[in-house]
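Have a look at the structure that comes next, please.
In order of appearance the chains are A, B, C, D and E, and numbering begins at 1 in each one.
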Amino acid sequence: MSLLSLTNVSAFYGPSQALFKVSLRVAEGQVVALMGRNGMGKTTTVKTIFRMLPVAGGELLFDGHDLRRLASHRAAKLGLGLVPEGRRCFPNLTVEENLIAAARPGHWDFKRVAQLFPRLEERRSQSAASLSGGEQQMLAIGRALMTNPRLLVLDEATEGLAPIVRQEIWKAIGTLKHESGLAILVIDKSLKELARIADEAVVLQRGETVWHGPMADVGNGVAEQYLGV
Amino acid sequence: MTRETLFNAVLGLGLFAFPLWAWWAEEPFMITLSTRVVILALAGVGLNLALGLGGLVSLGHAAFFGIGGYAMGILASHAQSYTPLMEFPFVIEGTKSMPVIWLVAVVASALAALVIGALSLRTSGVYFIMITLAFGQMLFYFAISWPAYGGEDGLSIYVRNSFPGLNTLDPIQFFLICYAILGAVLLLSARLAASPFGLALNAARQTSERVETVGIRPYRLRLTVFVISGMITGLAGALFADLNRFVSPSMLSWQTSGEIMVFVILGGVARLFGPVAGALLFILLEHVLGGLSEYWHIYLGLLLLGVVLFARGGVIGTLAGQGGKHG
Amino acid sequence: EPVKVGMITTLSGGGAGLGVAIRDGFMLALKQSGTTDVEVVVEDDQQKPDVAVQLADKMIQSDKVDILTGIVWSNLAMAVAPAATAQGKIYLSPNAGPSALAGKGCHPYYFNVAWQNDNLHEAAGAYANSAGLKNSFILAPNYPAGHDALAGYKRMYKGDLAGELLTKLGQTDYASELAQIRASGADSVFFFLPGGMGISFLKQYADSGIGLPLVGPAFSFDQDILQAVGDAALGVHNTSQWNKDLDNPANAAFVAAFLAEYGRLPSLYASQGYDTANLLLSAMAKADISDKDAFLAALRAADFDSVRGKFSFGPNQHPIQDIYVRQVVKEGDIYTNKLVGVALEDHSDVYAAECEM
Amino acid sequence: MSFLLLAEQLLNGLQFGVMLFLTAAGLTLVFGVMGLINLAHGSLFMIGAFAAAAVAAASGSFLLAVMASIAAAAAAGVLVEVLVIRRLYARDHLDQVLATFALILIFSEGTRWLFGSFPLFLDIPDYLSGPVTLPGGIDYPLYRLTIIGVGLLVALGLFLLIARTRLGIQIRAGESDREMIAALGVNISRLYTVVFALGAALAGLAGALIGAIQSVQVGMGEPVLILAFVVIVIGGIGSIKGALAGSILVGLTDTLGRALLPGLFGLFMEPADATSIGSALSSMLIYILMAVVLIVRPTGLYGARA
Amino acid sequence: MAEPILSVTKINKSFGALKASIDVSLDLRVGEIHALIGPNGAGKSTLIKQIAGGLQPDSGTVRFLGRDVTALDTVQRAQMGLGRTFQISALAMEDSVLQNVMLGALGASGRPFRFLRPVLKDKALRETAETALARVGLSEQALMRTSDLSHGQRRQLEVAVALTMRPRAFVMDEPMAGLGTSGSQRLTRFLDELRHEAPILLVEHDMDAVFALADRISVLVYGSVIATGTVDEIRAHPEVRRAYLGEEE
């Protein structure tokens, strides 16, 4: 059974429809890549999952719970962890406070996150507002991990990171997948890395699911057709 | 024509037609009441420039309202008692001529706005709200304890000031003067909002960093709009004093600032006719509810609450749809 | 044809108590008279001058009233009365008596049925002399009525001043002033702090343990306020043109009727409202409102039984009356005042001389 | 002025400052930390005072009265938050201004409707009344010393709550991004209800404590409201330390201004003018102070630099 | 060789104990793209802020068009012709896309204090603005509200605003961030041409873009420039590989 499943989900921004019957599934321990060009509805999909945007139609299930009926925090508590687009660190909090604010008991705690991103340990009591862009990105990832999720959603989580850090993060994601069996929904522009890590792929175009299948098949024309590569 | 323009037109015409009807029906108080709406709307239009366009939430606009009022009170009281305002180094006489009074009111408010703005604009956000409040309060306490012009008792002017060619004592004529001014100022503020200046100011409200990087100084934009805004509110103050033939420190109190702000928010921030709708609704409620019960403030409060909760973007925002409104 | 009266008074906010008392007193008198010839429009001025002006406009232009009354505060009276009388309306002041309207600004259409602002303070000064107080510390808020209060006290008081302070209008904490009083070597304190300011001052004064004799005008020792002050006010001497135990039949009837009607003892303000209405009724009995001169003459005669006993108008149409000394006492559970003497007899005001009428 | 008097005035300034802090404490939470402009803070203060007066009259116990004030204000806070404020977090500050302005009207007249137009009686309990003699020979009211104590305790408690606890961190996070903190699994709605109620309770507590030495009447909250905003802004929004520092600065300035200015002007002026001008200036003093502080430090004493 | 358009000399900047710029010197010459790379938190954005104004260096000088501009503020530098994009989009979100670019054009016109004529009727400004939108491929979105743009579209708009100013030099802080693969490729082609209009100082973590575009690359690590050189030199630089590139390729 899939951990997360969206079936024919539609959503609107005010009067304009942004999602048209989007469907996708993420099974336990699976990594799914959500792909599409700029403005195609990837982030919007994430927002519906996290109840930041009402669902106009369709079905939204996580671990058998109907997400549509849940408030944002309840959905999150079921085990959804988010690294949002644009980082959205709490600027008035220090690095440490950003992490504490999100913490729920489990494998990931401040120590583990600090091991993953030593830079955060160094900047521990600096306010998030004064962090460099990449440092904020690390913080956003660390913060999501602190919630000890069962499904991690990464929306452009490697944006603005140095190549070497990006490699670290992909490695870490790989470890998460393999060792802790974490399910991951990932949005990223690096096809190469996605190809390496993802099991399945879903491609959105103008708010519609236009393709889904094994990640391995993305190479065969899909990328050219839908991603403009 | 969008719904908003349509609504504005109805509002503008209605506000004109009603007093004419009252004149015909010989209900002079209804004219007075309409005049009051027009003048308070004018004060709101002034604030709305700073608040809506510039994002400058000033809780000190009573200062300009009061300065305008006192410009009228001081000049007219000297004219009334035939004593010069100042004898050294040159003689300044009081006056009962509205245009002169307006000029003085506008210049005095502009100067005050320049000083207050120049200092206050160093801050932003809530700090700005509070520092403008502070300047307003300084003037308020000054006026209360300054005995020369009546202190807390204020100044009474027995006869309304004059306007060449018109009989200002006739309510409908005074109304027309005020209405014409409001019309002119609304036109001006519509122009301003659409102008290059308006564009830059509007952007500076949202991201002053961006405005700087295209080579424009947000501080100057803001100071300019603050001064224009103060001038308009000052003019409204002079008219208000003339309407009441009376001026007192209560025109300078923070409650007055708050009330002007309430007009703006109630009508719809950054909407051209927002302050007009707001002032109209508020005065109407006050008038209708005031006779209803000793505890009429409760009803007023509940109605206002209803507007905030269910009518987003103020009266105009609700009736005319969202477009254009920020926040 | 009935007389239309417009009553503008404060019925909401912190000052509502005074307006309510005036209104209640006024209405009680009308009710007792059983007259159907008076029509009253009552409106709330919210203690804002510009609202009061607007209401006056409304009553004059729309309700077409003949007479205005009701205003509690000097600054509101200043905003309304001159303009109203200039438009040929009669104004009967049930409370405020700013000096501007008693002197140069006096007007044949303006009558004050309460007192000129200085009166009670002058009486306090006179009382201080008779009580042998020699070194007073005096304080009042920094606004015209406060200045008048200090001036009024000093006009009669013959001793020295240990100190003089103008406090902030609406001030609620007096620790700093109390410290200065304590350090000043004064033998008594005169204060004029109307409304909540007085309550705060009295409580804090009592708690400070300074313990010097206090003197003040009746405003801070009014029936409706005393219950809120409690023990802190006990024994304080204050001056007033009225008290509930004034021994005259009109007063006894008034107190009893007020208590019966509203379930509380009347206050100073209620007595003033009551007198105002009775003055009006007395004039109506003598003349018709349409005959302005006759009606004004009838008002000037003040031919009614005032609850304060003797009452007549001076040349500026302000009262000539006795002003008494009262002391705060506790009767059962109720704090109230009892008369202890007369401070000034047949007192008018110093501004009358400036009035050319 | 003697040294002793000066010392006493300093103490008065400090005391007034702490009293201001007490009135501002609830607002520090709601405005400083949650970022909500709550003009109805003064009304909650008033509710506390009225509840205390009513319960004190009925029960004769000051302690019960204080507890009642906390409970009543907190209850009003919950009600207001759930019915009104909750819908406004995401809105413009200006909508909050209008809504809470409406609440002032409702609360003021509602209170008058319930309790009548006349001030209520609330007094200091016997065990706290009267002066005590401090070292140095100053007679100082015990009750005011108590207020200093309570105020400092509240300051400490708030500081710990906001700066040191996870709850405090989450509240602050919610101020900058409610949606995000909710997506991290924090029930921010309930948290904010609780915080708002706590802020209201503190306002109520202040109302009861201060009501005992002031006048318990409708409208008593308005001057409190302005002063509370003033001290928070001087201190820097969001900082408890700042609010305390701002309060004490304002308290000292105001008290010393009142005590010293008339005398100062008296050195070179007619006494009557000196009294008048000196007191006029002293009533403007805290606003001058605020303007100067903000001109020099546009985000207050301890505010986060922009 | 002619004096570089933009140069910084021996710039130092610390935040408390943290040294964000240490003796940084670099320059930007006519027609080139000079890429600035380095680990996160190395001080790239800090350096950009010191170049564009808004942050004063503790010591050192910034020269632009032959003038010492160290003491000038952001506005003055912008007026001289320094075009800048932000790492995190700074746009007027409530305004339309067109209005945002108009703002740039207005700034470049140097006459923002005009009060009465509607700005949208100003042909010259409008043309500048529409051209810029067309160049980044946002013409269709001109009338959309900026907040309705997707993340990537906003990045494009950032660049468009900078274009309207017809600057003498660009400083761009991670313009590719958030652009998808196709978007990045497009922007890469675009910048490639843009360098002939004005040189670009480019901060970027997208190595595909950097390697494709840069004439020279400087590498900033812990506030110091550890290397400057051509693409090949930098690629091969062991220190750079260790601190920044990792085992990529």
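Everything that follows uses one rule, which is that a residue touches a chain if its C-beta (ideal position, glycine included) is under 8 Å from a C-beta of that chain, and two chains touch if they have at least 3 such contacts.
For each chain, UniProt lists the protein as follows: B = Amino acid/amide ABC transporter membrane protein 2, HAAT family; D = Amino acid/amide ABC transporter membrane protein 1, HAAT family; E = Amino acid/amide ABC transporter ATP-binding protein 1, HAAT family.
Note that the structure is predicted; figures quoted are calculated from it, not measured.
A.B. asks: Along touching chains only, what is the step distance from chain D to chain E?
C.D. replies: Step count on the best path from chain D to chain E: 2.
A.B. asks: What is the set of chains touching both chain A and chain C?
C.D. replies: Both-contact set = D.
A.B. asks: So which has more C-beta pairs touching, A-D or B-D?
C.D. replies: Top pair by contacting C-beta pairs is B-D.
A.B. asks: Based on CA centres, what chain would you say lies at the far end from chain D?
C.D. replies: The most remote chain is E.
A.B. asks: If you average the CA coordinates per chain, which chain's centre is most distant from that of chain A?
C.D. replies: In terms of C-alpha centroids, the chain at the greatest distance from chain A is C.
A.B. asks: Please report how many Å separate the Cα centroid of chain C from that of chain E, as a whole number.
C.D. replies: 74
A.B. asks: State, to the nearest whole Å, the distance from the C-alpha centre of chain B to the C-alpha centre of chain C.
C.D. replies: 36
A.B. asks: Could you please state the distance in Å, as a whole number, between where the Cα atoms of chain A are centred and where those of chain E are centred?
C.D. replies: One centre to the other, that is 29 Å.
A.B. asks: Give, as an integer number of Å, the spacing between the C-alpha centres of chain B and chain A.
C.D. replies: Each chain reduced to its C-alpha mean, chain A and chain B end up 50 Å apart.
A.B. asks: Among the residues of chain E, which ones contact at least 2 other chains?
C.D. replies: none
A.B. asks: Give the residues of chain C touching no fewer than two other chains, as numbers and ranges.
C.D. replies: Touching at least two other chains: 12, 142, 147, 166, 168-169.
A.B. asks: Where do chains touch, given as pairs?
C.D. replies: So the chains that touch one another pair up as A-D, A-E, B-C, B-D, B-E, C-D.
A.B. asks: Within the complex, which stretch of chain E touches chain B?
C.D. replies: By the definition above, chain E touches chain B via 52-54, 73-76, 78-79, 83-84, 86, 90-95, 99-100, 102-104, 106-120, 122, 125, 161, 164-165.
A.B. asks: Going by the contact rule at the top, pick out the chain D residues touching chain B in the complex.
C.D. replies: It is residues 31, 37, 84, 87-88, 91-95, 97-99, 101-106, 108-110, 112-113, 226, 229-230, 233, 237, 276, 279-280, 283-284, 287-288, 290-291, 294-295, 298-300, 303, 306 of chain D that touch chain B.
A.B. asks: In the complex formed with chain C, which residues of chain D make contact?
C.D. replies: 1-2, 4-5, 8-9, 12-13, 15-16, 19, 108-109, 112, 117-121, 123-124, 129-131, 139, 141, 143-144, 212-220, 223, 255, 258-259, 262, 271, 275-276, 279-280, 282-283
A.B. asks: So in the complex, the part of chain A that touches chain E is made up of which residues?
C.D. replies: Residue positions touching the partner: 13, 16, 36-40, 43, 85-86, 119, 123, 130-135, 137-138, 156, 159-167, 189, 191, 227-229.
A.B. asks: Of all residues in chain D, which touch chain A in the complex?
C.D. replies: Against chain A, the touching part of chain D is residues 166, 169-170, 172-173, 175-177, 179-189, 238, 304.
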